[in-house]
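Below is one structure, written out as structure tokens, with a few remarks after it.
Chain lettering (A, B, C and D) follows the sequence in which the chains are written, and residue indices restart at 1 in each chain.
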Amino acid sequence: MISHQFPVLIVVTPLILSFFVNVVGWWDKRYCVPIVFVALSVSLFSAIGALEAVIKHGGPIHYHLGNWQPPWGIEYVIDYLNTPILVAIAFISILVLIFSQRSIEKELPESKIPQFYTLFLLNVTGLLGITVTGDAFNLYVLLEIASFSAYAIIGIGERGADFSAFRYVIFGTIGACAYLLGVGYLYIVTGSLNMADLHHLLPKLYYSRAVLVGMAFFLVGVGIKMGIFPFHTWMPDAYTYAPSTVSALLAPLFTKVGAYVMIRLLFTIFEPSFSIKLYPVAEILGWIAAAGIVFACVMALAQSDLKRMFCYLIVGEMGYILIGIASANRLGLTGAILHIINDMFMMACLFTVAGAIMYKTGDRNIYRFRYLHRKMPITLGVFVVGALSVVGVPPMCGFFSKWYLILGTIEAKKWILLGVLLASSLVNAILFFRVIENAYLEPRGEHAFAHDGGHPSISLDEVPWSMLIPMLMIAAGIILLGIFSGVIIKHIIQFAVPASF
Amino acid sequence: METVHSATPLLAMLASLIGAFLILFTGERNRNLREFWTLAAAVIKFGLIASMLPYILHGKIVEYTIVEVYKGLFLQFRVDTFGMIFALLASFLWIVVSLYSIGYMRDLNEHAQTRYFFCFALAIFGAVGVALAGNLLTLYMFYEILTVATFALVAHKETPEAIKAGRKYLAYLLTGAAFVLFSMAVTYYLTGTLDFKPGGFVAGHGSREILSLVFVTFMIGFGSKAAIMPIHEWLPSAMIAPTPVSALLHAVAVVKAGVFCCLRVILYVFGPKVLSDLGLWIPLAFVVSFTVIVANIIALTQDHLKRRLAFSTINNLSIIILGAALVSHDGIRGAMLHIPFHGFMKITLFMCAGAIYVKTHKEFISEMEGIGKQMPITMAAFTIGALGLTGIPPVCGFISKWYLCLGALEAKEIIFLLVFLASALLDAAYFLPIIYGAFFKKPKFVKDHFDEASFFVVFPIVITAIGSIFFGLFPDAFMHFFKLAVASAKNIMGMGV
Amino acid sequence: MISKWEDLIIETLCRFLIPFMQTYSLYVLVHGHSSPGGGFQGGCIMAACFILLVIAYDLNEAKKRFKEKINVIFCSLGVFIYAGTGWACLLLGGNFLDYGKLSLILPTDPIKARYYGMASIETGVEITVMAIMVSIFWDLVTGGKHEEALEEENARADCK
Amino acid sequence: MLEQIVSRYNYWIYIILILIGFYGMMAKNNLLKKLIGMNIFQWALILYYVSIGAKKGGTVPILSEEAGSPFEHLKAIQCVNPLPHVLMLTAIVVGVATTGIALALLIIIYRRYGTLEEDEIIEELRR
């Protein structure tokens, strides 16, 4: 019986418990983390259950909130596209939670901890909700829930965080409003807010100009939220100055959920025949993606701040996903969906490593990483795994999504996009080997042979296990996702791609 | 061909992977244990690979599929005759080089030995993976692992030059990898498969232009690792690395993996028929012939021993590719034989250079006069290796060069026969002066007196030197390189011997 | 507003007004499903009572009647009522917020049960909205310092 | 043309308001003014939604029990469309929350940098 309720349990459990955390934290701060953990575990369990149910059922499962039939009631839908993303969100947020304990103790005043965890859980609620909902307006509300909590927890970061959080508020609101306008236009012409219903109603109206305007607003709104190239300006500042746990939570999840919404929008609300054939949306997205990747590569090369470099990397990764969408064929879209999941793990890996380094050294400048490999060997090992994955070295997962993206661009005969993809992985290699070199190698004179000759003795000073274990699990996840990407595609993602491809 | 499904290839791969992590976790705390892991992993790995030899010799193929990636695309090990040659070579020489590195690193008291042994094991993991890979995707995976693991080895000394060499190495090889990725993706798009097939599988797919393009990008990609001439620059710079690493780079893992990949592409992806139909072999043959001659001439001018050896390597690698590019029966046989034989001879030479360096800290040929009297065993081994590379019987280099020349004759390409002969001549021109100087000249500084290096350093040198002669006399003994090469050539050309 | 500003007329007027406001707030809440109104509006009116109290007396006085801790509990309590109703429906075998199923425990038919379910949810909304409004007001008045500001102010008053 | 503009005046108003808000957000140097611009932007949107649900002579879509059977009295065509209005209740809450968070951030910013002018803050941050 409970198995029918999985779609709603995914969202409602963390929603309720987030307020519970607030109350309980008032009495005793030690109970915050266990409660959040329970909430997210229930979400994870439900998400896995939902995935299983979808695979067993062989298609989307609809859940009507309050038993109001759509299109009037709000509907939650689980299908092949969103269940793997739900599982990934819940899994990563649990790991980040475990990671956060010590890091937050260090970076925040103690009195703020319950509030922090409240917002943490609310944010995850919002993200899970965005992914699971089947109602365009409900998506807006959940998007804003996720955004508010993001604004607030970014704002409590280091110097500069408040200002960048304010900028994020402005940009985020423009994005959300643009999305809402898009919903409004579609509502005017169809009178419906349900995604599945819109999908049925819209094809007759494809030549209406209102639909086109709505689509354009949608793209701008979602584009801002997911931080694609021309709309990315809020992101580097916000994620750099946020507390390290917060960037470890938001950077992997928020932008990727935006990418998910983009795919939903183009291929569930609209049909590929509209968004690809009737208007050159794919073409435009492709050019934006190419420009974004090039821009992100150049900007990332210019950064000496580790987290800031990663932020530009996200802009680039978003470009990859857009390339997958823009190649508009089965292979490309498979790559895009796979990349959403893979990139969650990769970015979680990189940002937790940045957080761990911050925790121990209080410094993120990559030119001051010397001797770090003696101090924190495990952290750096995890970093290497993440780095190789972003560069695209098999068997890490980053390679496999890139492989499908490349195949997609070849099939679509978009050679420039292909070139950009290949070139950007080279730039990524430069980016990461720059860090690896600084952290691992200890430049010395020509004739120093003595063991440890002439170097300060730096002993092992690794972060606590509560931070190491999540990092190691993410690293293991990266490798496993890579090796078993074929299984994931065969059983899940190939059904998530629209049938008309 | 009969296929045997067995997990042995996977186990062989895991042996070095697990070994690598055991080395990492043991660390500096217990050096003896760490080096025991190295040796144990090496021996187990060689044993496992050798255990597959009987199947291969009976014309069977050992296959193990890890997981399916996409339709018709697997992560898969498939051991055939050609892969077996390289796997045997790499895993056997790993034992030898491990022994040698233990002696070398301890004698020099090098820093960061754990990282060294860890990356070494990973590099062998990658190299053997390349050998056992059943398709291009798997091959690419191990190729990249090999590249990344070797970076740490090249930059091991951590001097500014070493770091620069490391960067250069990465720049060349990762760019090459991007080319490979591109060509691999196009190949998959055209044919829907990436599984190696003797004689190639691209025939009949795609237009002439696109196939030519893919072939060129493949050659640029893998050629960057095989140090074909315009993109060889990283190899001499990488000489800055410790000598066992150079030995590994040149003789066993890295460049050999590059050549191996080139041959895989030439013979198992495109195949002789497509190559000759499209006329692709002619430009390739000319490029590598150019490399052979120019590399030899540059080698003549080098005074730094390891750099001279490096250019000799570039020359020999191109010879191997040239043999395969001639698409003749004997040429392929010779090319395949030259991979292990050159490995044995070149590793001897490098280990000798290392032994001299350990004892005397001398790197330049002009300083080595008269050293033959002080380190007779080392220099005797050096002489064997050098003579072998010049192609003098009874050392094994003669046999492979003989078949390469026969291949050129079979293809009726006299110009390439001349290239082979010229290269042998030039080899002699830059190796013989070293030997002459070492044995017959008087040392410049009389007070310098050195003994042989320690047992761990000398013993591997002796083994490989004896091996070089042994394989010259009995090319089919022990590891059956000859039989394997003959069988591969037969499969590829699709006809009887 | 933190320190006291004594004014008999205002104080008396507030004493007189606040009960009516609270009653009106409850009226708006209860009639929320059949006429304009509901939990959100009711909650705002309820919060206005508190704000009026603070304006007329001072924060210390208001705190005696309505502690900050209780406010936090109220804030969560509302959500619990909301979600609890939803969960009750879940446990009774319906979908989340499927009030019709409440008829199994309420002595009414499913249609009326929907009415009560909605009322319950609106109550939750009212409580939360009220608490949040009060806490926003609290933040603004103390400049985000809460108790600290109060203590400072009291200390200053004592000095005088 | 003119008729088009006049007959759809609600859209024109919302467009003008949105542009004013947008101008405020982009061009103003003071963060508080930016925030006000953002508010104008949001409320313009709400106005737009409310106007699309409106109807000339439409009544509230509420069933009144006194007038016998409600369904006879209440025709859908007579009522305004309640859905956009209800949606906007939510959007108003969202707008209030955004404003609240932004104000809180502004208080922190003012405390930390002593100013709300964007260029001065950026200069302060660069230091």
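Just so it is clear, contacts are C-beta pairs under 8 Å (C-beta built on N, C-alpha and C of every residue); 3 or more make two chains touch, one makes a residue touch a chain.
Source: prediction; values computed, not measured.
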Q) Count the touching C-beta pairs: is A-B or C-D ahead? A) A-B
Q. With chain centres set to the mean of the C-alpha atoms, which chain is at the far end from subunit C?
A. B
Q) Which chain is in the middle, if each chain's centre is the mean of its C-alpha atoms? A) A
Q) At what distance in angstrom does the C-alpha mean of subunit B lie from that of subunit A? A) 42
Q | Euclidean distance of C-alpha centroids - subunit C vs subunit D, Å | A | 25
Q: Take the average of all CA coordinates in subunit A, do the same for subunit C, and state the distance between these two points in whole angstrom.
A: 37
Q: Please report how many Å separate the Cα centroid of subunit A from that of subunit D, as a whole number.
A: 29
Q | Per-residue multi-chain contacts in subunit B, two or more chains | A | none
Q. Which residue numbers or ranges of subunit D touch two or more of the other chains?
A. 104, 108
Q: Check the chains against each other and report every pair that touches.
A: A-B, A-C, A-D, C-D
Q | Interface residues, subunit A side, partner subunit C - complex | A | 1, 5, 8, 12, 15-16, 19-20, 22-23, 26, 63-67
Q) What residues of subunit A sit close enough to touch subunit B in their complex? A) 388, 391-395, 399-400, 403-404, 406-407, 410-411, 418, 422-423, 425-426, 429, 433, 437, 440-446, 448-453, 483-487, 489-490
Q) Tell me, which parts of subunit D touch subunit A in their complex? A) 22, 25, 31, 34-35, 38, 41-42, 45, 48-49, 52, 83-84, 87, 90-91, 94, 97-98, 101-102, 104-106, 108-109, 112-113, 121-122, 125
Q | Residue ranges of subunit A touching subunit D (in the complex, touch as defined) | A | 137, 140-141, 144, 148, 151-152, 155, 159-160, 162-163, 165-166, 169-170, 173-174, 176-177, 180-181, 184, 187-188, 193
Q.
Give the list of subunit C residues in touch with subunit A in this complex.
A. 69, 72-73, 75-76, 79-80, 83, 86-87, 89-90, 93-100
